[in-house]
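The first chain written gets the first letter, and so on, giving A, B, C and D; residue counts start at 1 in each chain.
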């Protein structure tokens, strides 16, 4: 088909070019996704996470990359009865006929506190452009500077600390071990580890799963614009799990009854 | 911890019992998901789709089940520039700082037309309780009845027909082949195939990927309440792919300019 | 500007014509909304509800119409600690930086149970096309038929019944009185009242505020496609009220703590 | 009812007290909203915007306050075919059965660029605590400092500039005139005007409707946490207007067809 080029819209500073999408294409007999034939090359041949990797990166992952990427998604899928999961369950209580609203509400409640970590950690690390052949000493120098810069701006370092796993986040240790086994513990993650060391002198600031994931996803070459999205897809699986449970064991309804019963109505001041 | 049992709320017909959740649990050093240790048994050991299966079914899938479940997710991940993908891209155009809003908008635009198929097909098949040892003849009888019942109510049969793949949906053929290879083509799918045959006498009504997926998910024992959710998680991956592309090649912005340029303002009548 | 007419897309049954919108238009010095100059005719001259009426109807309401329309919106603005309000509060707990996500979650949790009433009542009444000059007897005949039709299909009559206001919904009585005062109690509402009478023989089925509102909005000539939207805008005001309160008195956080504390983790069966 | 006081949750820094809500309360025969009887004092007596004011402020507005508050809502209700309105229309195209999803998508696409203005302007002005009896000279001093502080941090001043109304936003002029007529042009707005003067020396930076609204809402005593919410409720009315139009004149469908037709599929690089 010939691509129609519309005239430039005056107020738009972005160049208008023929539109392109690389995501997908359907003809009468075939479906392609990012250059791969969906039925012959993808379905039954590679797992869903590998296709997600393809959708955000434009290429299929190698075997070790797929193992690590799957591990990150698994680590992030669920965090128990978070405000996000409860919001999803309560939306489902009010609108059981449309689970998409409940999942949407859960994703909206994930919020920048949870999602922001991945992107903030990724931006912080990528801003330093740590080279693959950096020595430990090189990275220590960068890490010290990064920590001091954040301290002087009174900014929080992303990816550090955890309210429950105060001795260290078990998911972090596992992700790092898998990365090492697959030879994928790259410069961004090595830098993140040194930032954690520099920041936690005398304090309890373990590298949490969000920070570890953000760093490892950078080493996998995942686009910064995709980092939050990785967490969203992982979290959507956990939310659906909660909603299936809600359909059979309605915790949302109990919360509603409790809130109504426990709340006293007062005139505003 | 002792579970506190609140008094029954009068207006609530549902029995109030101590709350239980089986989804997940965190202690200082461990994380469990549906009875499995997250770090030791799941991360790096099974893929993300298998953990999703666990979250909605309460058990890990076998090897063949995992292959089929992954194939269903892969088949549903993306459908190109649907209204849903465009809604996500436009939401991102207005709110690039919060990708969760764009993903939420995309899921909301998936709508009952797309999502409903899985659930409607699943309900239709499960209502017939086809036995695993049903003969072809048994299933033909049921299929004929189901088709006539829908015709008499002027109700559409879910899962049939496709605007593009008029000769048959390639994703359907692939899913069925994988199911056969893994010995998972069960009574619900066999029934769905016969419903398709009974309904399409002289008409062009292939079994589409939604109908095939719904049937196969029933044979995998997936809860009816989860069927839409499976499609949502799959679709969320495609949406994130679109949004990463949008960040670099802004189709949403082009649409906005086009709509503004092409639309004439008229006084209402 | 010349309007570009694209070739008809084959699969699209809707005729493609030059795009028109009547909602609004901005030039360098003026803003028009539905044919009215925003600054000179609307701002400071008519109230917000009147402009909302204009946006959905294409004309400004008369004085009495505006009073009734405002009364409907006021009646629907808040229903206390509904699952919807709680979902909004919990989303806000997880994502306080983006109130739009919390309002969105609250609207999604309103659900078809709440919103559907307006539209279902409206459709039911409009399907009968009650004439303005119908006698009480005419309407009794129609009402009896409508009630019997619903009973034979085992379908619920929309707009009837209320869990709390079992003796009659005070909002209904007030809306009807305002409508009478303004000479706006028209054939749709008269029919709805007779449907309520025919349906509630020996049973306790008052006309609730949703049913009364749906009927009165029909008599105001509001488009059927807008009925749910009226309730959504009204409800959004109540949700923002809840969120302002949440910012200062965090009920969502209490719910979260309670849910975590009261829930026992069990292995799935 | 006795309020049950739960034990303090350890990890929660917020004091746990008996829950209170001032928003609303229903008994069998009455409904109260923020201390006012809904049916007797509100419905048919005050307009919807006044009740919205009550919900966020805890008190009903005076006559002049109501006129100004309504004018702000009217000014913000619609901005034509924004990405937000298009996202809503496209979501509706994919999910016409659930308008709440489309409205939610539209609100999510409003984004921090649009919504942030109100809150950012409000915070900026309130941080200076301008006294009601400040002289013009006092305010000039503060304004100069504020402008220089933003310049030194390379931060954008909220509320200034407009892509279309380069000579001045007509809505701003109208809002200011109404405020003066009602004696409500207070210290926050006077300060905002001086910030605009100080910032726009030699440059074209008019005070836009968002900045004017944020300032005036501060002078009306509206809680900072509510500022974005005011804009959301206003915008929801415009979105419903768009969706009613979409139901009859499907611009979303045209956009979809156009995007599909105009987009070339390319293999990713």
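One rule holds in what follows: contacts are C-beta pairs under 8 Å (C-beta built on N, C-alpha and C of every residue); 3 or more make two chains touch, one makes a residue touch a chain.
Predicted model only: the values in this text are computed from it and were never measured.
Shared contact partners of chain C and chain D, listed by label: A, B.
The pair with more inter-chain C-beta contacts, choosing from A-B and A-C, is A-B. Between chain B and chain C, the centres computed from C-alpha atoms are 30 Å apart.
Separation between the centroids of chain A and chain C, computed from CA atoms only, is 37 Å. With centres set at the average Cα position, the gap from chain A to chain B is 21 Å.
Multi-chain contact residues, meaning those touching two or more other chains, occur in chain B at positions 19-22, 24-25, 34, 80-81, 98, 100-101, 104-105, 108, 110-112, 251, 253, 258-261, 263. A complete topology is adopted by the chain contact network, contact being made between every pair of chains.
If you check the complex, the residues on chain C that touch chain D are 6, 9, 12, 14, 16, 19-31, 33-34, 38-40, 42-44, 46-49, 51-52, 55-56, 67-68, 70-71, 73-75, 77-81, 85, 98-101, 103-105, 107-108, 110-112, 115, 164-167, 170-171, 173-175, 177-178, 181, 223, 225-226, 228-230, 232-234, 236-238, 240-245, 247-251, 253-254, 257-258, 260-261. Residues 1, 3-4, 11, 18-22, 24-25, 32, 34-35, 58-59, 98, 100-101, 104, 108, 163, 259, 261-269 of chain B touch chain C in their complex. The touching residues of chain C, counted against chain A in their complex, run 80-84, 86-88, 90-98, 101-102, 104-105, 108-114, 251-253, 255-256, 258-260, 263.
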